[in-house]
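Just so it is clear, A, B, C and D label the chains in written order, and each chain counts residues from 1 on its own.
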Amino acid sequence: MKVVGARIPRYDGVAHVTGRTTYVDDVRVPGMLWAKALRSPHHHAAITKLDTRPAAELPGVHAVITWEDVPLLEYGHLSALGIPADEPLLAKDDVRYKGQPIALVAAESEELAAEAVERIEIEFEERPALLDVRQAFDPEAPKIHQWGNWYPHFEGGMDRRQIRKGDVAKAFEQADVIVQGVYRPAAIEHAPLETQVCLVVPEPNGRLTIYSCTQALYFSLGVVAAHLQVPLNKLKIVGGTTGGGFGGKVDTATETMTSLLAMKAGRPVKWRWTREEEFLCSSTRAPWHMEIADAVTKDGWILGRKMLTLHDSGAYARFSPYGLTKHSFHHTGAYTIPNLEFDGYVVFTNRVPTTAMRGFGVTSVSFAVETHMSRIADVLDLDPYEIRLRNANRIGDTSPNGIVYTDPSTVPTIQAIAEATGHELSAEFRTMTNEPRTGEWLPEHLVAQLGNPEEH
Amino acid sequence: MAKHRGKGIAAIEYPTGMNQNGDPSQCWIKVKPDGRIDVFAGTADIGNGSKTIQAQIVAETIGVPYDWITYDNSNTDSSPVCTGTFASRATFVAGKAAEKAALQVKAKILEIAGKELEIDPADLEIIDGEVVAKGAPQTRMSISDVAAAATWGHGELITGTGAQLKPYAAIVDPETGRVDSPPHSAISYAACAAEVEVDDETGEVRVLRLQQCYDVGRAINPTQVEGQIEGGAMMGLGLGVLENCYPYYPSVEHRGGAFGSYLAPGMEEMPQIDTILIENPSQDGPYGAKGIGEMANNPQPPAIAAAVYDAIGVWITELPITPERVLRALEEKAAGKHEPRREGKKVVFDEELSVNTVSSGGIRFEVPA
Amino acid sequence: MATASLAGTAATEVLRPTSEAEAVEAFGDGDGVLVVGGGTIVVPDLTYRRLRPAKALLLKDAGLSGIENEGGRVTIGAATPLAALVDLPAPIGPCAANIGDREIRGVATVGGNLCAGEGYEAPRGDLQGPFLAVGATVRSAGAGGIEEEPLESFLERRRSRLALSISFQTPAAGAFAALDRPHTHDYTALAVSGARGADGTIRLAATGVGWWGVRLPSAEAAADDPEAAGRAALEDVDPQDDALASAWYRRKVLPVLVRTVLTELEGVA
Amino acid sequence: MNIVVNGTAHAIESGPLTPLLDVLREELEITGPKAGCHQGGCGACTVLVDGEPRRSCLLPVAYADGAEITTVEGLGTPESLAPIQQAFVHHYAAQCGFCTSGMLLAAQAYLDGGGTDDPEAIQEALGGHVCRCTGYAKIVDAVAAAARGESFDLTQTAVGKYTTVTTGGAT
């Protein structure tokens, strides 16, 4: 093999370093209009009045859209998986986060569009906001979502993602020590250097050409087609070159609304978010609340785990149910724990909806599980490398949801780091492998969880 | 009044492709009359380098030089379905589709060449852009000639398509979370050691060094893998000690609306980053590759948290580990309030953060004694 | 012609004086006039429509740039870029070097920094601290004509004045301490400047603990004992929360920086 | 107002307060400089103004009146890359590429000023530029290599300075 494994330069490297790569904002078409959005100034409020006429009447304004202009107002990020939708493309009766789009204007210049937005007459009746996921379940918590304060549509009508494996009660009974902790990673802005942007050109044949920074051309194609209620051949998404994404550009944040403006104006329209909009109005990585209790033996075997996760979804569901499920499947980290009881909730709050970001669903649980592991090692006065190696995933072990591991590398990666850092491992940990468990590596509590890797 | 150093370790795993599958990627390839190869796929390159990776896979699979490949992912008219560039799937899933399409192209080239050379295609192979008879290397035909023969002689288009899909793994048991088929077809692993320096008066944490090992399955392009890992390391450093959309979470006050008030890592925070790649091949990925793009920012925060504990003896489990959180934790420690509660065999940390403290009558986290 | 600028500047009258006298006249009483020094603070505010001035006064060609040193008395023109200050003695040089990056320092001006927008979400005027510490005076124009006054009083009314120059006597010793966070990206959360005059008097000032730079008179009074001075400094400030740091944290760290500065001053003969 | 961009003179119609970035991108349709923030915070718009690196989003075009501007398009062409552009290709210093043109011009100014391969000096010179993809390591390597006057193989990328590859399976 010569090409695979070779250090070939980027396919688009020369274009990047000469400024020739064409990003969406670099596309030039004649007659283009600029879009600007009216966004909610409140975290939670009813919309009591909305009059866009003063904006529409401004000379140079060619289109104004509100929720009334959207053929299918609610289409969820996970609708393709049969999961119901909860978020209107443009706010209708109420706003549930500061920055939520309510109306858009397309005008001859960006300045004029901004001026037109300022002319829209709107009134609100503020409502109490819910911000702390831990208080969402309290009887006196404000009700902020049509489905209740947490997502109720998991399989079987469940209001939470559950994992049950083995016998947790027995594990905690047998434990020498139970270590309990709480872990709370923060909301993170994707902050790609290219902000959200799209340009929609109505074509003479009735199609729309959508220049998009999406990370997912076909996913966005489906989302726009659904909102517009048109077949896929009415739309052409042009993209494939994105100025950074990190998960935030799977949201299809601009394409549909800009398409509606272009259709209404009959002219090309560009909507480019400012950096401030990107920071304050675009979706973020979710903040998570995780509580872990581990049943541990004094020599460092983890017999069982109980875990509660509250996933701060922000105002709407978006991808959060997917993210929480992924989170639950990986809540044992790189280790094999045979007895599990996991409960996770997607909780709504009055902040910008959270979405996928690099490591979606797992970055959070990796932080929780690994910090917890270090704590357990400290509480038991054990070597932090060796307690990890002891519990490491091995070939033939099973995941929280019963999948058999076929190529786990917890063992060699930790051994490599031990060697690199000069951390001395005792002989048994230095020489162990990821091969199926036998002998001292197969204590009684791990026998029942074993699966057959050949059947995977 | 001092700076303290500490070390920490973390080990992680991460799935490749969408968690429950059901996420197709497709590729189609056509060969020009001179043998040069056009690849069409719908995979957005968000900087991850998927254009390069898929072009490499196609060149390797067919057996032609890399610079014979043009790659077009520019629009949904010419490119077939790709669910998208997320879930670390651009190499693992979309790259596999490219490999499959390339295998079809290779078979078609050998079929046409077989007709021209009057040799069973099974007895032909492709080496460096030439079709060569196995065991009789003097019998050969360039792919350019094969493509010309297909176009002008046989009236055929050399083309290939490939689609990669693992069917959606439905959760059949909402009680236990069990699925009806394996939801992730490869898992990648990594370990990370962090070294930090903590100023116990200002609370500032500096990450001095990150040593990381990733099982990448197969490094299709080692430089691009390093690029993902180094970039991920800085993003992980941001998660660990800098970045926060809501500095007063759960409050929404004082959000930063500029790079001046949202602390994305800068060049001056860059620690020494050492990267070790292990190639433990996956069963399903192209050439054994796994996906490591996303996980690259996962191991640093817990390694940093453990290193901070090693340095100053306090556990900070709310991210990021800001100077303020360091000072507050040190103050609690000095007041004897940082120790976990011990009750029987229970060792309970962070009670002030728990739902058991903060919720009133809503939700509880019950742990058997 | 296409324009991507959000700024509503088409209606703004742009004034481009070519001398100090022209600048003073153009500024008048300052009513409705936006002064553009280097533009690093006000241009984004124009772009984001937070400023929509009737008039904009561009200082670049007004001849207000330059540094003069006459027997230790240093005078800096208001339109002097920060890059020209980085080699000045502490606390001014190190503070200037800590602002933005090379590109920002190349255009941002002393006057713009002294007149920076107030408050915790805005970029602070980092140089206010060191200039307070060296007892600088500001020469400015506006209603009532050209006046020279101590920086303290100028800061109170800086939004209605056109800064022309700032002067100070080079201190016998100076020191500057700021939080060691990634400064090229974030605004300064907290910094302390100190200077010892020829007569041995110590002056201290801070930025990041109030709406603009403040003197720390209580700390100065206790300057003989750096620890005590650090604690005393808390009496002089009223910090608030912002995106970078809380009031709690600022109060916690201010004494550390005051002590650091005083200790450094002690060490400088 | 008049400016010279990459050797070509242009009469400017935009208002004097219009940021140079918007003049370049929208009036002159020179799109190499990127609008990453319009706040001066990211460096994606950096160009050379009379040889000095400047955030073009912060500079009213009136302040560039009469100046010679160099954008990434003026550094080198695909057929004839400047050494710093070659260094970025060889060292894989660009991923998504959106920060790259600003980064390149800051690097060019650093090199023009006699910058060395000292990593700390490079970090100081380029430290105001945000890159969210690379983690900066390969950017620093590229600038250092260019400062050393190395020549660059554009058919393959450099081996990472601190990388070990263990091939052939883990167990």
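One rule holds for everything that comes next: a residue touches a chain if its C-beta (ideal position, glycine included) is under 8 Å from a C-beta of that chain, and two chains touch if they have at least 3 such contacts.
Here the structure is a predicted model, which is why all the values come from computation and not from measurement.
Under the contact definition, subunit A and subunit C share the contacting chains B, D. The most distant chain from subunit B is C, comparing centres defined as mean Cα coordinates. Here the CA centre of subunit B is 27 Å from the CA centre of subunit D. With centres set at the average Cα position, the gap from subunit A to subunit B is 15 Å.
Centre-to-centre separation of subunit A and subunit D, using mean CA positions: 32 Å. Listed for subunit B are residues 46-47, 49, 215, 219, 222-224, 232, 235, 255-260, 262, 264-268, 274, 276, 278, 280-281, each touching two or more other chains. Among the residues of subunit D, those in touch with two or more other chains are 25, 35, 37-39, 41-42, 92, 95-97, 124, 127-133, 157-159, 166, 170-171. Shared interface positions of subunit C, defined as residues touching 2 or more other chains, are 2-7, 10, 48, 184-185.
If you sketch which chains touch which, every chain touches every other chain without exception. Of all the residues in subunit C, the ones that touch subunit D in their complex are 1-7, 9-10, 12, 14, 16, 36, 38-40, 43-44, 46-48, 56, 58, 60, 100-104, 106-107, 184-185. The touching residues of subunit A, counted against subunit C in their complex, run 32, 34, 109-111, 114-115, 272, 274, 276. The touching residues of subunit A, counted against subunit D in their complex, run 6-10, 12-23, 25-26, 28, 190-195, 242-246, 272, 274-276, 409, 411-412, 416, 433-435.
Here subunit D touches subunit C in the complex through residues 13-19, 22, 25-27, 35, 38-41, 43, 46, 52-55, 57-60, 62-63, 106, 124-125, 127-130, going by the rule given at the top. Of all the residues in subunit C, the ones that touch subunit A in their complex are 2-8, 10, 48-49.
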